[in-house]
Amino acid sequence: METLQNIAQGLLERGDVSMVIGYTPGTIPGKTKTIFARTPEAAQKLTFNENCVNNLSIYLTRQYGNIGEKPVALVVKACDARTVNVLIQENQLKREQVYLIAVPCNGVKDEHGVEQGKCKSCAQRVPKDYDALAGETPAPVEIDPTLRFKALEQFDAMSPDERWEFWMKEFEKCVKCYACRQACPLCYCERCITDKTTPRWIEPDTSTAANLSWHITRAFHLAGRCIGCGECERACHQNIPLGLLNRKMAKEVFDNFGYRAGESAEAKPVFADFRYDDKEEFIR
Amino acid sequence: MNYGYFPGCSLHATAKEFNDSTKLVCDKLDLELKEIDKWICCGATPAHTTNQELGIALPFANLQLAADQGFDTVVAPCAACFNRLRSADFEVKHSGYTAERVGYITGSRTDINVRILHIIQLFRDEYGYSRLKEVFSKPLKGLKVANYYGCLLLRPSLVMKLDDPENPVIMDELTNLTGAESVPWAFKTECCGASLAIPETEIVLDLSKKIIDSAKNAGADVIAVACPLCHANLDMRQKQIGKKFGADYSTPVLYITQLLGLALGIDPSKLGLDSHLVDPYPVLRAKNIL
Amino acid sequence: MARIGVFVCHCGENIGRTVDCSVVAKESAKLRDVVYSVDYKYMCSDPGQIMVKDAIKKHNLTGVVIASCSPLMHEKTFRRAVQETELSPFLCEMANIREQCSWVHEDKVLATKKAVDLVRLMVEKVKRNTPLEPIRIPVTKRALVIGGGIAGIQAALDIADGNQEVVMVEKSPSIGGHMAQLSETFPTLDCSQCILTPKMVSANSHKNIKLYTYTEVESVTGYIGNFDVTLRKKARYVDDSICSGCGICQEKCPQKKISSEFNTGLGKRPAIYIPFPQAVPNIPVIDKERCTYFKNGKCKACEKFCDRNAIKFDQTDEFINIKVGAIVVATGYEMYNIGKNNKNGIKGYGEYGCGEDPDIIDSLQFERLLSASGPTFGEVKRPSDGKVPETVVFLQCVGSRDKAKGMEYCSKICCMYTAKHTMLYKHKVHHGQAFVFYLDIRAGGKNYDEFVRRAIEEDGAIYLRGRVSKIYREGDKLIVKGADTLSGSQVEIAADLVVLATAITAQPDIVPLAQKLGVGYDKYHFLSEAHPKLKPVETNSAGIFLAGACQAPKDIPESVAQASAAAAKVLGLCSATELEREPYVAKVYESTCAGCGFCIEACPYKAIDNKAIVNRQGKLIKNVAYINQGLCQGCGTCLSVCRSKSIDLAGFTDEQIFSEINSLFV
Amino acid sequence: MSQHKETIKHDFEPNIVAFVCNWCTYTGADLAGTSRLKYEPNVRIIRLPCTGRIDYNLLLKAFESGADGVLVSGCHPNDCHYNLGNFHARRRFTVFRQLLDFVGIDIRRIQFAWVSAAEGAKWAQLVTQVTNEVRELGPFTNYKRISELSFPYKELEPEPLEEVTA
Amino acid sequence: MKIFKITGTYKDLVETLLSLDYKVIAPVNRNKLTRFDFINSADEVLSPDEVLNTVRPAKEHLFPMTETVARFSYEGKKLRIGDVEVPEEKSVIIGLRPCDAAAFDAIDKIFSYVYQDKFYLTRRNNTTLISVACEHPDNACFCTSFGISPDSAKGSDILLKKSKDSSLFAFISTERGEDLARTINNIIPEEQPDPGRDLYEAAEKNMRAPLDLPKIKEALNTNFESEYWNEFSRCLGCGSCAYLCPTCHCFDIVDEVRYDKGIRKKNWDACQFPLFTLHASGHNPRDAQNKRYRQRLMHKFKYYHDRFDTHLCTGCGRCIRECPVNIDIYEAAAELCGCEANI
């Protein structure tokens, strides 16, 4: 069973890749840091444990400038690999530009030791498509599929006004630090719509109305694209349950169009496509 | 599913055989018909010509009775009752003013929602042709039937919504299911003169003659009807027509429910075949149905 | 700073009655950037337009708002007027205070307030307009005519005579359309073959016309001046380049009993046939469904006897791609069939026997009986037993003007051809008597009413004003029960033959074609013209024109007139070397585009593709979307799928729409 | 046709914004005009080339500027002048309205319709129905409350502090 | 520095403060978020031993995230501009930690440097800061590097400390502190001798070793273009560190216009966003993320010190705890100047 370090070291020694992006222990217990290992020695610092919660595919996007002539190796969990699929699907990179080192994963925890919501309903445990596997393919896990949208059920029971109260209390906390945007691998736009001033669709201040239109925009921009890696919710120090918005979008896209983000890199993005028999019972 | 049964006056009197045959056929098909308690006359054709409001309030009172007694569907075999119930329901639903007046006259709620079906609709929509096909034990092979619809069943079409007013097929389909052959003929929706039989008998004789002639030309052995008034004009007056036009008129006129009853193997006398003025037995025996 | 002029129109009474135009002008004058605001009785009139032009010069306005009718009506008029000043026409916007305000509201106070709001909206929008340049696009100097009836032929000939290439497409094996089926035509009773066949021949032989028969339009893409059309040439199983039209194959074909569509089911035809003797092109077609060879592989009689072996059983449908600059739709009509299976909410005629009785025929069938090339060679014989009918009853308005049957319109030509039928019947059966049940005789054309009077007074047709309630067969006769409202009596006629003047309806398969062309249609599936009075032959899709009965029921003179009108429009369009097109196209801000490619997938016109930006060493900097301004039609779908808002659509930019919304409820 | 008696005075008059496509619904609205059909004056029509162009930002901005109800209408499927615009819009708004509903915005305040150029009557009826429906819902107080919070504009004192000519 | 013994518990102190006509701001845990907020009853308050420090600093009460600074409107053609007054209302912030209190002291300098920022200063002058000494700092704290200690009174008006027998003492270091003390003298009757700081000496031990600031500043002077900055290309560029930092004070001015009325808003901004230094020409002097993180270090450890000779960091550790990719400013500064970052 090839360990992560050996694979990485081999790649760097053979010069197949320009760097290996992986995890290394952080400065605070329970935290891990990202490491851009460029030399075989640096590869030794690579590790993988239950605290490797970051979605490293964010470093493949353009503004980080890591993608060069040579491919880049990336340590990927099952969820991260689905993000790579979406990035390929959206012309941000080509499959041959990234060497995927898959790691079997049975759930990751954030720095406070709380298991991520996504892991409870994750049945895949290892990426579908990869170039090398560091470890054994774990036995498939039987997961009740309804778990995936369980968290949304509490909202169906609430009336619109109750939902409004809930979300206004949440959005009121937002400080517009945009950590949710910057932590998301799929928010790779050079200049985000909130920074556009001609015209200013979303007000930059932290009033609840401005926060509402920001979070509605963010959720809708990720509809049909977000694979539920949970980084936005983890990065939000104000503890706003952003993951619920994305999960609701994933549920609507799945219910209405049977489309699940990140399944395949060749599929046509859901909102750039349509079907003649799409549902329309809400149209008069 | 139990249905509110609204026989109407004639089915308790001159058209008793329509009532018996309906009951027998429904029992055979286990469609439970429960007569509406204390129903009143629906006003038939004359009422609404003399007083428009009463012409609506009378039949609507029956619907209110049915609603109070927990029926959500009312079945009326007689075409005139069916027509008046449907018209009353239509008027009340489409005009607030009429609804107010009827509420005042009957003294009870008018925002009730009762479904009104004719007996042939019950067979077609509730029982369904597919199940009806299997249930006929004695097919009426070789019997040629001219199905006569008359006016009240079909018109005004926006209100009755039973079938295409110009080219109805429901009774023809039911007849064909029994194994008999429903013949196409031109006069199936022509008027038989209805209540003019008393004041202007001559006109009824002319109109009925034309209808019977047209049925005979089409090769029909019997005429099937679904309205006591049509039955009266066509069956009762064949002798007078014969006398007036100097020809023999003896085409039997049966109720559609009697036809279905025969095909279900029910005893003809129970179906009331003996009480017709034109005796149907010779024709039925000739076609070895009896 | 912007200097905006507001011009409020009374439109005579149309706006002035429910909107207080002087108040609108006064309120608009208070707006921040409005430096000139006035109201006038008729802005679109000459003095009105001059007032606008003078104001622009005098107050050197940077934008103009005309508060009057709908932009779809007079935007072009006012923009042309503004063009004469040095202000760009695209800095003129219209506030729709007539169709969408004064005409639809009654409360004067509310309507006036709404008008003020609508003007404010447009003032805000016009401040963000930019002086756009119309886009010049090349024009393909070739026209496509869909439909080979008299309208299609006339349009094709006129265009070709304007030495312009024409491609004519006809669905059935021969051109000629319904006119070829007629015997003689009103009001001059000249025989349709004599006046039509020469046009058909010249259409087939004209050097500028390329004729495709037995061919349908498969797909249409592109836009005015640049349509890419794919035609499906259905397999004829006869090689049209070799066949000389000698007709041997039709004689030898064992299948003789197939009912002929051309003869409306009254005559018969073989499996390999030409629809009618004067068919153009004179090349037969094999009816795949009924040819014995195609059914069970035997026979091939036609192949044996064809000395040029022009029969090709293995022929398949052929697709032809052509580029055209303009399209004329002349697909004609179809007779309403009184049978049961009618679609689009149209009902059959149970009262007249649903078309089951052979002696109750429609007028096109009667035309075939009258026609010399018809199944009875011009002799009027009853389809049932071939006897010459002594009493013929004609029924007008069968289906037409009948809400219950789903067709409320008048089919316009039945009164005239029924009068013609009574005349021709009288000339052929001297002792015969024609009855006509009619509602109102509509004979409004030149010499039309005189024609009908002649049918009544000279040829003795009895016209009974009333409807027929029932027709039924009684032995050898057809009993027609109707009313004669003029004498107030019921009428019963024992007729030998009944001819129904059934309604004119749209072609059954017109809707898919209309959708391919992007042309609108009304609830009866007649194609919608751009404007009933001012643009009768144009449609809302630029470059696509209409002619003939596909637009609405009409007779031959009108169809020919419309065909020539459409031809004139096409010649006008194609005469220009290049076309000016609305400059409403989208543009990408490459600095902020993330190259995600959503817009590339979403564009209906495939006008967007990927463009790699590389530095001087050829190293890829980034991928961005690139919009080909020639193909872009300005629908704006790409704007909505662009998450970083890096695309903007000229004419409807984000800034403009944003400013409109922002000033809505001040 | 629906002759609307505008004489009845209501205490609350809703503000309705209608984003319509130029080729079908705008022309349909014009047809309602030419046929003199009457409908409620609360609607303000904003013309766009196609429903494909109507993106979700417009709806949010409409509520921010004080709309109580929003109506989006365009060509029937397959009738779109640009062939595919309305299909994209349909798919987009299927999900977007669920997002608004999820966040607690009363989804009945956002209505979608197909109105063709020939359906003047449908347009008049649609506007009247939507206006009445939104009138029953009352003003969009939820949104107005947070919108006022984010725009704490206090009327300036009457006498001008600093005169700056534009 | 006057020292008083408080007769009663921390909660009693909060109760008495509530009874005054001050607006009381204290650490609370509202809706899954620990922050400083107005309270109206004592039991809402998070006592010092319940939480080490709040996620959001108290800075937002003196330097609000978003604030209207001017109003303007068009009456027809005329443009009129109006000022915005900051209400003078007395408030007290209790429950600050020494690092937060010292932070206010640091940013006071910039807000009164040349332009007297009336929005910040009005609030600052009406607010009394009561800080509470830390007994259990965590491994992200490194306030000792900046001359601050778990029981430093720097920046606070009143410092609350515990003696060995855990009775509460108030150290009043400013005149504003004394005014407040006077109004609550029922709870702090008379002066007492210094009870000593043994509790806090123990606290100091398990904190991170103090940084060698001069060495760091020296390193920053020379390493502007060093390779070392590439280490921070893993920074995501979110504004968390800036918006949770008690000393970050950058802001952006934005006009929000609704047709003919508008307000000018002052919103927080952060040097970590690309927009912060984007020129109109499209050029961005700090186009890569590691350059922006370098700016953060330079400002905190050099530029600010050059001008005000106090560092723009008080070692509160919030940015270390909340950074999504665990970039540690202490480790960054230490490694930059070559010393071993012993965490």
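Residue numbering begins at 1 within each chain, and the chains themselves are lettered A, B, C, D and E in the order written.
Simple rule for what comes next: a contact is a pair of C-beta atoms (placed from the backbone, for glycine too) under 8 Å apart; a residue touches a chain by one contact, two chains touch by 3 or more.
Note that the structure is a prediction, hence the values are computed from the model and not measured.
Colleague: What chains touch chain B and also chain D?
Modeller: Common neighbours, chain B/chain D: C.
Colleague: By the touch criterion stated at the start, how many steps lie between chain A and chain B on the shortest route?
Modeller: 2
Colleague: Quick check on this structure: which chain has its C-alpha centroid closest to the centroid of all protein C-alpha atoms?
Modeller: D
Colleague: Compare the CA centroid of chain A with every other chain's and tell me the farthest one.
Modeller: Of all chains, B has its centre farthest from that of chain A.
Colleague: Give the chain pair that accounts for the most C-beta pairs in contact.
Modeller: The chain pair sharing the largest number of C-beta contacts is C-D.
Colleague: Which chain's mean C-alpha position is the greatest distance from chain D's?
Modeller: Relative to chain D, the chain whose C-alpha centre sits farthest away is B.
Colleague: Go ahead and note the Å separation of the Cα centroids belonging to chain C and chain E.
Modeller: Between these chains, centre-to-centre, one finds 74 Å.
Colleague: Express in whole angstrom the distance between the two chain centres, defined as the mean CA positions of chain D and chain E.
Modeller: One centre to the other, that is 46 Å.
Colleague: Provide the C-alpha centroid distance between chain A and chain E, rounded to the nearest whole angstrom.
Modeller: Chain centres of chain A and chain E, defined by C-alpha means, are spaced 32 Å apart.
Colleague: Determine the centre-to-centre distance between chain B and chain E, using the mean Cα coordinates as centres, and give it in whole Å.
Modeller: Whole-Å distance between the two chain centres: 92.
Colleague: In chain A, what residues contact two or more other chains?
Modeller: Expected reply: 191, 201, 203, 205, 207, 271, 273.
Colleague: Specify, in ascending order, the residues of chain C that touch 2 or more different other chains.
Modeller: In chain C, residues 32, 591, 602, 641, 658, 662-663 touch at least two other chains, as defined above.
Colleague: Of all residues in chain D, which are in touch with two or more distinct other chains?
Modeller: In chain D, 56, 61, 65, 78, 84, 88, 92, 150-151, 166 touch at least two other chains.
Colleague: Every touching chain pair, please?
Modeller: Going through each pair of chains, those in contact are A-C, A-D, A-E, B-C, C-D, C-E, D-E.
Colleague: Looking at the complex, which residues from chain E come into contact with chain D?
Modeller: On the chain E side, the touching residues are 68, 71, 73-74, 77-83, 256, 258, 261-263.
Colleague: What does chain D use to touch chain E in their complex?
Modeller: Those in contact with chain E are residues 65, 150-154, 156-157, 160-166.
Colleague: Inside the complex, what are the residues of chain A that reach chain E?
Modeller: My answer: residues 26-29, 31-34, 36, 54, 58-59, 63-66, 111, 169-170, 173, 175-183, 191, 195, 200, 203-207, 231, 234-235, 237-239.
Colleague: Across the complex, what residues on chain E touch chain A?
Modeller: 31-33, 55-56, 65-66, 139-140, 233-234, 236-240, 242-244, 252, 254, 256, 265, 267-268, 270, 273-275, 288-289, 320-322, 324-326, 328, 330-331, 341, 343
Colleague: Using the touch definition up top, name the residues of chain C that touch chain D in the complex.
Modeller: 1, 32, 70-73, 96, 98-101, 103-107, 110-111, 114, 117-118, 121, 515, 518, 520, 522-523, 528, 540-541, 584, 602, 604-605, 633-637, 639-641, 649, 651-652, 657-658, 660-665
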